[in-house]
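The two complexes that follow have chain A in common; it is paired with chain B in the first and with chain C in the second.
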Partner chain A sequence: MKPVKAKILLADDDEDDRLFFKDALESLKMDTEVDMVHDGEKLLEYLEDDSNELPHILFLDLNMPCKNGFECLDAIRQSTRLKDMTVAIYSTSGDDRDIETAFVKGANVYIRKPSDFDMLKKTLSEVLNVDWQFRTGGLNKDTFLFSI
Partner chain B sequence: MKLYVKYDINLACKVILQEKLEEFGIEYELKELGEVEIRGNLQPDVQKQLEAALERYGIRIVSNHKNTLIEKTKDIIIEMIYEKEKLPNTNISTYLADRLNHSYGYISNLFSEVTYSSIENFIIIQKIERAKQLIIEGELTLTEISYQLNYSSVAHLSNQFKKTTGLTPTAFQRIIKKRAGAR
Partner chain C sequence: MKLRKYFSPSLLLTVAFVLSVFLLFFIASISFKQIKTMSETQQSITHSLDVRVDLERLFSELKDAESANRAYLLTGDERYLQPYDYSHVSINKSLIAISRKIGLDKKRKDEFEELYRMINERFKAFRDSRIQGKKYKPHDPEFLAEMWRGKLIMDKIRMQINRIVEKEGVILSAQQAEHEDEITFTPFTSSFLVIFSIAIFVITFFTLKSNLKHLSSLNQKLKLTNRTFENAERIGQTAHWQYDTKKRELVLSDNRYRLLAADIGGFPSDVETFLKFVHPSDRKKVEECFDKSRNLSAMTVNYRVIRADKKTRYFSTTSQLMQTRNGSEIIIGIDRDVTSQHRSTIKLEQKNDELRSTNSELSSFNHIVSHDLQEPMRKIQMFISRIDEKDLENVSETSRSYLFRIQSSANRAQKLIDDLLVYTRLNRNDKRPELTDLNELLNNAKVDMAQAIEEKQALIVSDKLPTIKVTPYQIEQLFVNLISNSIKYARENVRPEIGIIYSLVDASEIPDSKKPAGKKFHKIAFSDNGIGFEPEYKNRIFVLFNRLHDKEQYSGTGIGLAICKKMAESHGGYIFADGRPGQGATFTLYLPATP
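The block that comes next holds the complex of A and B.
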């Protein structure tokens, strides 16, 4: 039972953050494939396009132009096609209210963006591991809440 | 209107399995812990159809010895966590070794090799899942839940909950309630 390649999508408007994320992901000993979009509207276009294979997990920045992360999250959870996708909020905000709002709106994971490269690697590896457990271990996805 | 239901996963799976086996006209005998003895052999196409029919319920046929042992290990752990009376008096490693007829070292290495996670870690994840379920059902207090899941204290449960999910049990409970209210 070798883990299948994890298909990952990152929605973040900050170019440095996107590069940082990609570098960290690629330095992990995990088989991953990552696509990126730069704002909320592009994200929803990507997800609604049937020719794109849905990601296993979406990393979603909260502060983005056009449509912010919360608006995207609402749209995702209202869509029958997208509602089961794992959504990980990926934000600089460590505000308890933001964390709680994200979970209430249906996020599965809340990540406070680490500024340190090794921390980011560790965080991503933990998140992918927990997601893997929930996807394959027969755990109840309705109670998949993980804050890091 | 809302209904709250409780279900017995073991029983549900057993009934589904029986119904499907009968639907395909297979002569069988159910053994302990997910072992099914089939009289004679299954035609490959029948086995394929059976696999497909069971898959929608999340039931998979595992055939090789290693996978079977891993699945049995998982089943015993889940059974222990969900049925308090099944909790052994001895420690878990001795109990697993006795039930599975292999040394704990062998089981533990195999488990890590196949699942990329340790048995200890699997137990923690399952216990926290059970705690989540009991919190949502709302019939027991946290202290009662910690007792039922064999934690030495409610603080121990809270710590492990926080470590595993990043949330305190009370924050978890509040979020689930708000989610239910928002829908």
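The block that comes next holds the complex of A and C.
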């Protein structure tokens, strides 16, 4: 029995970051399908479009034009259709306030963008191997910030 | 003096006055009575003496009558009876006079009645003998018997008179004794009266005098207080006024005129004029406050006035209703010229606004640093990390070294940004002091530094630390920075050792401390066996971006210790460094025991 292909969605306005992300996933040789959107507006359009299959996990950048990550997170958690989606914040910021806000708004995990490609690969492989739906129940503030 | 508490001086005086008038009346009436009794005694003494004289005269008149009778009887000549007739009248007169003088005393009256009866009997005998006078002959036995009987009666009368005289004598001497007593007693009472009166006058005089003195000293004090108050108002730019709500009278203090740049008494003191000076657009506000202050709670209003010299000033007035003892209601108001305060407040607000905008600029700068600057830095690192090992072999040695240098510079820049963020984060108002076990924070710090500690095989030995009120994450960061500093600047090939020594000390033991002695501080000293430093750098070491060693030899951003200093100071504490080259360094942290 072939496992279901993991569907991943990345919302990030930075072209380089999208490239790194894609390369890292490809080099991991995991059976995944990746879609990418360039800003918050487009992300919500994508999610609201019934023709698109919902992703298993959404990597959400915070600093984006049009609608930032927090606004998108709010919209997702308020929507009955999307509210159970796994959301991983994927940001450069290591600011306590950003981390706390993301936690309060209901993100599943907070990932600081690594500054090393190997580290990025390692991070993605770890994150994708966790069943976030299962972990939600035991979520706490101390383990919220993802670290290897 | 206690009495003064209960009686006002005027009441005291009234009571004293009424009391002394009563006493004077009392003593005067006693004295009057004594004098009256004395004069009565005197009178009765005179009467007693008179009665004696009268009795003697009575008896001699009786004797006259007797002898006249005898002569008539012997001679039969009617001419001899003349004295008898006279004596009859005068005897009667004497008897009446005596009876009047005897008064109502029963015994004396009885004795006198007896005498009266005897005299009547004698006169009856006279009359009888006169009637029968002509037929009597000398040696007639009946005549002789008559004479004998007359003699017996006269003897009895004499005896009776003697008895009365004797008794009057007894009475007289008793009265004289009494009189004597009264005579000695009366002057005593009179002089007592005089002395007492004089005493009352003297006391009243001195009381009045001391009251007057007290009053004048009070007056003096009042004047002084008034003058002080006047000056205080003038110096302090304040004034006051009183408004009698019933009489509708407004009284202004002198300085109220001065505050309005007017001559004292230069304008009528009534509510209309009072309001005329108030800036037209503030007038309503002032009137409302005035109305509200009628219900006993103090009200304050800030408003503008236009002074007599047309200058606008800012006033603040607090007014309150007071009820006086006699039931009248007075609104008392205190005015202050707050123009300079008002202006400085405005200036302060401007500065505050400037500060606020500077702060928000700084905050957006922080944001730029944390996000926008980090992003390209991260990407540089990322791209370098993507250069394949194989590709690296194809470039020249120099280029490879350049690439490594780029990487290390990017890493360093990243670290600088991270440290700077930690440093600026301390400015945020997220201080949440809570009772914290410092041993726990030290353990957390060790866990944080576990990798470095393990790498260098560092040994950390600590005293038992206290539990105090601190912002936990800050102190933990402080411990991390101190430990990381010691490990970073360890001597080559020497196992780093860090000793942490704790003691509770007095503020006076803290070098350069301006805290007063008596305040207790927790002293926590971190000593290491590292490379140490020149003592002259012990202050510079804490300055932001100041480093004592070159970057190639020791990694470090020059922020760690600056953070430590900032954290210690934000807790009201101090941190000092001490060291000698090659002999290790000691960082001493002082945290207040009672924040």
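Heads up, the rule we're going with is that the second predicted complex is superposed on the first by the 128 of 148 C-alpha atoms of A that agree within 3 Å, B and C clash if a C-alpha of one lies under 4 Å from a C-alpha of the other, contacts with A are read in each partner's own complex, and residues count from 1 in each chain.
One rule holds in what follows: contacts are C-beta pairs under 8 Å (C-beta built on N, C-alpha and C of every residue); 3 or more make two chains touch, one makes a residue touch a chain.
Please read all numbers here as calculations on a predicted model, not as lab measurements.
In the superposition on chain A, A:115 makes contact with chain C only, while chain B stays out of contact range. In the superposition on chain A, contact of A:80 is made with neither chain B nor chain C. After overlaying the two complexes on the shared chain, residue contacts for A:51 are found with neither chain B nor chain C.
By the touch criterion defined above, A:20 reaches chain C but does not reach chain B.
Using the contact criterion defined above for the overlaid structures, shared-chain residue A:104 touches chain B, although it does not reach chain C.
Of the two partner chains placed around the shared chain by superposition, chain B is the only one that A:145 touches, whereas chain C remains out of contact.
Put simply, chain A uses no single residue to touch chain B in one complex and chain C in the other.
Interface of chain A with chain C (complex): residues 14, 16-17, 20, 23, 63, 92-96, 113-118, 120.
Within the complex, the chain C residues that touch chain A are 370-371, 374-375, 377-379, 381-382, 385-386, 414, 418, 421, 425.
Interface residues of chain B facing chain A in the complex, by the touch rule stated above, are 58, 67, 114-117, 125, 129, 132-133, 136, 165-167, 171-172, 174-176, 178-179, 182. Within the complex formed with chain B, the chain A residues making contact are 1, 3, 100, 103-106, 110, 129, 133, 137-140, 143, 145-148.
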